[in-house]
Amino acid sequence: MRDAILTLTGLDAFYGDFQALYGVDLTVSEGEVLAIIGANGAGKTTLLRSISGLIANKPDQVQFRGKAIGTERPDVIAQMGLAMVPEGRQLFPSLSVEENLMIGGRVNRKGPWNLRKVYDLFPILEERKSQASTSLSGGQQQMVAIGRALMSNPELIMFDEISLGLAPVIIRDIYKALPGIVGGGMSAVIVEQDITKALAVSSRVYCLQEGRVSLEGKSDAVSREDIARAYFGVE
Amino acid sequence: MDFVNAVVQGTLLGGLYALFAAGLSLIFGVMRLVNIAHGDLIVLAAYLGLTTTVALGVHPLVALIVVVPAMAGIGYVLQRAVLNHTLGDDILPPLLVTFGLSVIIQNALLEGYSADPQKMDAGALETASVALGPLSLGVLPLLTFAIAVAVIAGLQWTFYRTPLGRAFRATSDNQDIAQLMGLNKRHVFGLAMALALAVTAVAGILLGIRTSFDPSVGGGRLIFGFEAVIIGGLGNLWGTLVGGVILGVAQTVGATINPGWQLLAGHIAFLVILAVRPNGLFPRISG
Amino acid sequence: MNTDIRISRTSNAAKVAAILGALIVVILIAAPYWAGRADMRLMGEIFLYLALASLWNLLAGYAGLVSVGQQAYVGFGGYMLFALTIFAGLPPLVAIALAGVLGALISIPVAALIFRLRGAYFAIGTWVMAEVFRLVFAQVSALGGGSGTSLPTDIVRSMADGRSAREALSYWLALGAALIVVTAVYLLLRSRKGLALTAIRDNELASASLGIDIWRTKFFVYVVTSGLTAVIGALIFLQKLRISPDAAFSVNDWTAFVIFIVVIGGIGTIEGPIIGTIVFFLLRETLADLGTIYLMVLGLVAIVVMLKAPQGVWGFIRHRFDLQLFPLGYRVVNADKSKGA
């Protein structure tokens, strides 16, 4: 059993008075690719926002390499080596493609990823590097978002629904690039609605249902029936 | 000839107005905040310049060395201690807090300096002039205009060519994701306000050399800056320069028709533009 | 068990407040018989400020139109009073009413221009308009130009016989204005239009999608508020007997103080301006000797309230005790046990 790089213990999350997560327990092991699946509104994005610090929780509910970060500022957490590819890409419209990547590199951590390596991974971006980031196609924007996250040389990278709104052929291409991205010891959490893709690329999977963990298991061992039950909350 | 002279003088005056406006425009661009106390901060800078020139016995332009960092520091602290807490979707808190700030600054200046009009002495600079054909251009207005152009060019360069500028643009685009990029948004906003007040310091010193000032003139300066921003179009610093020039020309031309109409002419020009082009002449963002 | 439930618009506290309020109003009406001259002047001032504050609150707290230029209409109303009585020979009371109508009329082109601006830029735009008004009136030499003019004594005398009768009349006009404004605001907010306003205030996008015409509603509120502000302005300068551009269009007197009253009392509530006016005058009577320090304290208090207790004094009380003295909401009431205040 490898060491846990990220541990969630009894994580609760609230939007005002509305509770979105109920006592979530979750571990990400060093170097593994973890999938989190669940229906819309199950709490997946809330989970990632809690981890990245955009939502404040109790200190011990989120631990990164043993350090309690539940109440830390998002920019501090980013400096520690957590990066996110946000849902809907959320590129900076006022910045060009290259500037988006450069600002990703603001967190100046040591590692293999730099502008050159990102351009090697996604050559089309180098062609369009001076263009306004929002003038690119959906798939290309997703590449920028991924590159932006990689530029900080994170230890844990989180992908929030990267296939959303993209054509199947683009999704396939991006997922093909995933091993190249995550190889080299980087841990990854992939939040997905596309269950097949999520299981294919991960070693373990959690399923969220209405803010609670309804299933945990090895990606190659869980059955369709287990998933369906956990996904929809049918007894 | 009178008319041409008025236009030229008005253009140069526009440089000063653009300086009033630049800080206002910057802050609105980065954090969508409009600082009602902006004009009073210009006046504060003028008073700081006055005290510096008196205490150190230096030329007002030399006082910039002291006043610019001082105002930048004030801006950073003000933003982090007070104004950061007003940011959000509601427009009332920043408006009312900066309004309260305006009253406090005005009365603090009254307490400290009395209501007597003051002016800084820049010596020969104030009366020196340069001949351009049949026109005689004051060195000070020329210098002011040149400084305005330089400041705006500098701000543009900062915004579009430096990591700090990238940080400003990113934070203004999307505060949450900017934080994921390792940007401490409270710090970024503090730096933006520091930069804006540094520009305000320059504006204040130049104002204090050019005319006499007292604690109550802040409101008028805010209005000039605001009119320059609206005429030029939101989110466009060069547009703000054009806006300042248009305002300045309207005022000086109005003054040649009737000295008592100077201010009114400026306001009318503003209202006409507002009626015909509500988004200004070169808008980049919407209000 | 038989649970009788009905919807009520009022509450016990509101009923008690209404009775107490009526008593207080009766006492206030009788003031010329029990109060001294200075006290009556002070109370008159308080009523006029209360009216201004209620109007500004309607504009900013409900319609979301934060104006720092209402002094335009205060001054306009004052100048209309002087102009109509001096040049048109109208009786002062008629002039005051007409000033309101004219104020509402002139606010229409003003609104057409400044409604092109949003948020804080709208606010400064209103200030610019007030400046324009000031500069324009300063050009009118018939009304004293830049130094202003006084209300001729025969016009003053025509209002009533004898000084105490005139002072009583002034006082009653102020009290009446305050009562009318507060009642009008209350009735407006209770009506459908008022519901629309509160909806707009709470969520503009949602209310637009419900078919509420935002622009028309805000425009209506702006025009009505400005007209009434002009009436108050006329009353203010009827009391002062003298007008000048700087006094008529003073940002400090007619906007800064009004804003402080509303913010400290509780913006977006009807009770707020009442509380705020009381607090403001308490502060003024105790601290005004300190001049600039007093103003700095006022500014500081406004900032602290806005940052720490943005709901103001009344908002705090209302939240804490679930109290509403001017019943605006709807309550579910059990017939056999009336719950809550």
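Per-chain residue numbering starts at 1, and chain names A, B and C are given in the order in which the chains are listed.
Basically, a contact is a pair of C-beta atoms (placed from the backbone, for glycine too) under 8 Å apart; a residue touches a chain by one contact, two chains touch by 3 or more.
The model shown is predicted, which means the values in this text are computed figures rather than measured ones.
Taken chain by chain, the contacts run in an open path, each chain touching the next and the two ends left apart.
The highest number of C-beta contact pairs joins the chains B-C.
Look at where the CA atoms of subunit B average out and do the same for subunit C: the two points lie 33 Å apart. Distance from the subunit A centre to the subunit C centre is 54 Å, each centre being the mean of its Cα atoms. A straight line joining the Cα centres of subunit A and subunit B is 44 Å long. By the touch criterion stated above, subunit A contacts subunit B in their complex at residues 52-54, 73-75, 78-79, 83-84, 86, 90, 92-95, 99, 102-104, 106-107, 148, 152.
Residue ranges of subunit B in contact with subunit C, taken from their complex: 33-34, 36, 82, 85-86, 91-97, 99-104, 106-108, 110-111, 219, 222-223, 226-227, 230, 260, 263-264, 267-268, 270-271, 274-275, 278, 287.
Partner subunit A is touched in their complex by these residues of subunit B: 163, 166-167, 169-170, 172-174, 176-185. Against subunit B, the residues of subunit C that register as touching in their complex are 60, 64, 66, 68, 113-114, 116-121, 123-125, 127-128, 131-132, 135-136, 138-139, 251-252, 256, 259-260, 263, 267, 292-293, 295-296, 298-300, 302-303, 306-307, 310.
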